[in-house]
Amino acid sequence: MTVQETILSVRNLNKVYETPAAWGRAGTRTHVVHDVSFDIQRGEILGLMGESGSGKTTIGRLILQLLHATSGQVALEGCDLCGMTTQALRPLRARMQMIFQDPLFAFNPRHTVHQILGTPLRLHPELVERHGPVDEQIRHVLSQVGLPADVVHRYPKAFSGGQRQRIGIARALIMRPSLIVADEATSALDVCVQAQILNLLLDLRDELDLTILFIAHDLTAMGLVCDRVAVMLRGRIVEIAPTSELFSRPRHPYTASLLQAIPRIGTKAMPGVAPCMPGKGTQVQDGDGGCPFRMSCRWAVAQCAHNGTALRLLEKDHWSACVREDLDLPGL
Amino acid sequence: MLRSVLRHIAGGAGLLVAVSITGFILLRLAPGGPLAQFALAPGMTQERLQTIAHQMGLDRPLWRQYLHWFNAILHGDWGRSYRDQQPVTHVIAAHLGATAELVALVIAISFPIGAMLGLWGALTTARVVDRIISVATMVCFSAPTFWIGLVLIYVFSIRFGLLPAGGMAAPGASSVMDHIRHLVLPVSVLVTVTVPVWCRYMRAFAEDVLRHDYVRTGMAMGLPAWRVYGRHVLGNAMLPMISVLGTHVPALLGGTLVTETVFIWPGIGRLFLDSLQYRDYPVVMGILMSSAICVIVAGLIAELCYRSIDSRLAA
Amino acid sequence: MTTRDTVLEVDGLSVGFGPQAPNALPPVIEDVSFSVRRGEIVCLVGESSSGKSVTSLALMGLLPPSARITGEIMLHGREAGEPSLDLLQLSRRARNRIRGHRISMVFQDPMNCLDPIFSIGNQLVEILRWHNALSRVEAWRQGIGYLHAVGINQPDVCMKRMPHELSGGMRQRVMIAMALAGKPELLIADEPTTALDVTVQAQVLDLLLRLRTQTGMSVIFITHNLAVASRIADRIIVMYAGQIVENSSAESFFTRPAMPYSRALLDALPTVDMIRQGQKRLKTISGNVPGLAERPAGCRFFPRCVHGVAAMCDSGSPVLQSAGADHLVRCRRWEEISA
Amino acid sequence: MTGFVRRSRGLMGALTRMVMPDGDRVATVSLVFVLGMIVACTAGPWLLPFSARHIDLQHHFLPPFSGAHLLGTDEIGRDSLARLLMGGRASLEVGLIATGISATIGTFAGILTGTGLGGWPVRWLLQAIVSLTLCFPAIFLLLTLASIMGPSVPTIIIIISFVIWTETTRVADIQTRTLMQKDFVTAAIGMGATPFYIITREILPNVLPAVTVTSTLNLARAILLESYVSYLGYGVQPPDPSWGSLLNNAQEYLVSDPWLAILPGLAITLTVTAIGFVGEAVRDGLGLKRERA
């Protein structure tokens, strides 16, 4: 392995939504992202896995500076983005790009593919200076994502979901970013198309040495494309490890329960159903310092109420927040 | 919940202050403002005019004049009519009943009709019905109120002599029947122009509701169509209609003004026009202020009703 | 097959939309035939625009009146003597009596399937009282029972809740409880777990399996995910571009898929073995599901099929043929391909 | 279930679909009527044998279809058709200019509040102005302002614009807010676009369709408002006719000569109805939703 170069480094990232107290009513604090830290190396695909409401999308937007972090640092290739002004940030935005979930809403319906792909170059004229004329770059990037060059005069509506997602990838690629954040990039696609796009991302990574933060809720797709996976639960990363490690030997009971729940071909479920609580009452209070999973965890011990939010290095590259280091949890 | 009530009341109060400032400025800008009226009096000299101005406080800075005026308004002194020196509040009160009667009747009649038509239009699969409703509402919506009034007067009063052409009561007669006969035409005009409003909103809301999955779910669970429409669609579509009812008060007042003119109905609208004609600005201001209060209060009530139901529905 | 152990037989069902005959568009689903046995879970699998949702809505009679429906949907009685009904021939009233009572349905997005202005209990009681002559108190009591049956922990609390106060998984359970309120013989579930998190999805799948065992009802489960299907299905029906392309028992399907498209679907799923071995690339097929106007004349999968032979596959729609016991496939070359 | 009908894009697409043979019949008729009315009112007065101010006391109160006067004459023998067309010219002029002004200001203000540019002072100020205008019934406000500022065509235009711009602002504001949530705007921000670029390239083109529809409905409303004000004597002043002022005059002669009242009223009703239908057809054609509160 060559010398690793850290592209993105996230340190103690927090995002709190606050409604101020007013008119004699107490304000509310919603802690959506809680003390999140991780690094991504060049050429790596890091998966950020979480169920709905776990804060994974917020992290993506915090990294891209589309939202302001409450506290913490986001360093892209060594320069801290969080403290920057909007103006100072603008030229840097070319170095990190996003791929969206629903490829239909990701494009201005009134722009042709040529306009869509030309926009980044118009906004960053230095890209044209460095890499050649607009038309040539568009042709090049379209061939990279496997689209014919004659699509440039069509509108996004005229494409299928998979083709649109290719255009979305092309728009991100044309700026030659150091980092791509793919937010549920394949969740809205049909199975066969999803497979095509996953393969495309892998090919592009190999070819262009891309660095990707792959945000999704689908663990199987993640197991396929990611080099490492971080599992999120209610705003916290509870486990982060190389993919095969995580899938074969999860060290956090939450990860294990997710792995158990993945539908798999050839495993017929046994009827035996866990009861379900009404309302939102069963959730652990935010910021009580305990493990967010302890209420549903069959291995929970007294210690879990005070501990279990900080990640600990268990073995090489395998971090987990669970206090029960002794557990031998089933993997896939 | 309490917070939102307070916020809305505070907003309404703020709006009222803004309305009073606007009214005050308009009153000062108006040609034939207070001083001009006195200037017209015979034998008025420049000195006397200045004395009067001083007595009335018109030479003081504008903001002090405003505070003075506003204070008087708070104490129920809305000024006196230029025309007959009656207190404005009395003048308005004398005309309020006639207008209130008209407005209340119109809402009571037009709202159920409009809402039902709108629901029917949204639910029907018959293109003909749909088309008839949409064309009819559009035409009624587009016809000037006063013109509908003129046509009705021509047909029912002039051609066939069935109904009185205007006024509130025939001279000498004071029977209930006579009053009703006088009400028929103005109420019909206002109902004609108001039904399309409810109908179009209701239709839009009902179509919106019909797109929701729970309508289809109700059907899938075996509920008959009438029950799904009558309970779930109507219920959900009525909710925003409460807001519409509140926000539509100004338009209804405007329509009433024109109708009252056509039918010589002795209400606020008639009073407003007469006062404009005589440049009787204190009365004009009084009417503007009180109609703004009406609008704000109606909007507030509707908003609070909507909120109190809606807060149960959304987290 | 005797009538007694078959609940539903669909024969030659076609559904079209849009303008009438001369410039009509091709039907959205074409010649769909299958049957559902008592207590069986049939999974209808297909990608978007394959026609699986249209099929289910046609079974429910919930398509808009503009839809042109042909074919036969026979609902068989429980007892041998009970008459069989062709649902497409029934009057609207008679159709209504079947809905919810003998066939019921749950939908994909549980967030929008409950009326936001009524409480859970209110809505459940409404349906219970519609299907059974019950007093309000009795219906409330039974409602609690139903919520308990679908695995809701404090059913009496839940009855008083408004829909927005419940999580997605809870709402889907409530939906299932409502669908069961008429004691249907057949439950149609249209992607009921797609909008849910994996852990909740697993719970809902388990719930459906348990309810099937307890009540003996049949389930038509619609999904685009073969892995989900494999978890609960007794029978798999794969749809592609408006046609059934494979209909087989689950066992036979997952061991010996005959249709190239089914294989492509299976290949497109990342498997556990792949993840374990660090294998990175999926086998994919090129192209997309053809749109309504672009459906090819011959085999509809031919343009994307790696095994396609021009002379054989590009003309004349292939018919469903037997590929073993209880296994139908719409491919002329399945034997050569399997070999 | 998309793709049944091949849809051409944008405003032109919506208009062409309207006039196509299998299109919306009512909308087609409406569009033809509105265009016809505009042409007739613009060119008509020159083509007629009588000017709108030509007085002929010999032939007053002629009923329609009497000789040279196609729609008859009024109380001092002026040609009704000529007056109707001249009146229409004034009404349409007021309507169109007022709509244009309110659309421009409204779009600008709506985008400003919708994007949150200028911060809370701008939003607060605009919100205050809008709420204040909405407090008064439109006609009360119009009449008061007209009476204070003195009735004339320019003042009427300004006042009507002032009354109707709030609607455009509201629509533009809602549209902009929705667009700001869309991923493509997020993408543009993520690519380093300036606010100016986002507004002109991403927001404005997508707000315009809704603004167009609102403006069509505003045009209908402006024509109606003008007729109210003129009817009540605070609008276009005699001897210049407008549809409203023609009616003001006609009420006196309702018993003897109802035609004088029926014709201008019919002209207003039909024109406003037709504009309404065109607006609805454009809205449906552009795939926008029906009006909401």
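Read from first to last, the chains carry the letters A, B, C and D; within each, the first residue is number 1.
The rule we apply is simple: a residue touches a chain if its C-beta (ideal position, glycine included) is under 8 Å from a C-beta of that chain, and two chains touch if they have at least 3 such contacts.
Per UniProt, the chains are A, C = Peptide ABC transporter ATP-binding protein; B = Diguanylate cyclase; D = Peptide ABC transporter permease.
Everything numeric here is computed off the predicted structure, so don't read it as measured data.
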| item | value |
| --- | --- |
| Each chain counted as touching subunit A and subunit B (Diguanylate cyclase) at once | C, D |
| Most remote chain, CA-based centroid, reference being subunit A | B |
| Centroid spacing, where centroids are CA-atom means, of subunit A and subunit C in whole angstrom | 32 |
| For subunit B (Diguanylate cyclase) paired with subunit D, centre-to-centre distance based on mean C-alpha positions, whole Å | 22 |
| Averaged-CA centre spacing for the pair subunit C and subunit B (Diguanylate cyclase), given as whole angstrom | 54 |
| Rounded Å distance between subunit C and subunit D, as computed from the means of their C-alpha atoms | 51 |
| Where subunit C touches two or more other chains, by residue | 165 |
| Sequence positions of subunit D contacting 2 or more other chains | none |
| Overlap residues in subunit A, where contacts from two or more other chains coincide | none |
| Subunit C contact footprint on subunit A (complex, rising order) | 51-52, 160-163, 190-196, 198-199, 202, 217, 219-221, 223-225, 243-244, 247-248, 257-258, 260-280, 332 |
| Partner subunit A, residues of subunit D touching it in the complex | 9-10, 182-184, 186-194, 197, 201-202, 205-206 |
| Subunit B (Diguanylate cyclase) partner contacts - residues on subunit C that touch it in the complex | 60, 62, 65, 96-97, 99-101, 104-107, 109, 112-118, 126-127, 130-131, 162, 164-165, 175, 178-179, 181-182 |
| Subunit B (Diguanylate cyclase) residues touching subunit C - in the complex, by the definition given at the top | 125, 212-214, 216-225, 227, 231-232, 235-236, 239, 309, 312-315 |
| Subunit C residues touching subunit A - in the complex, by the definition given at the top | 47-48, 151-155, 157-158, 161, 165-170, 173, 197-199, 201-203, 205-207, 209-210, 212-213, 224-228, 230-232, 254, 264-272, 274-276, 278, 280-286, 288-289 |
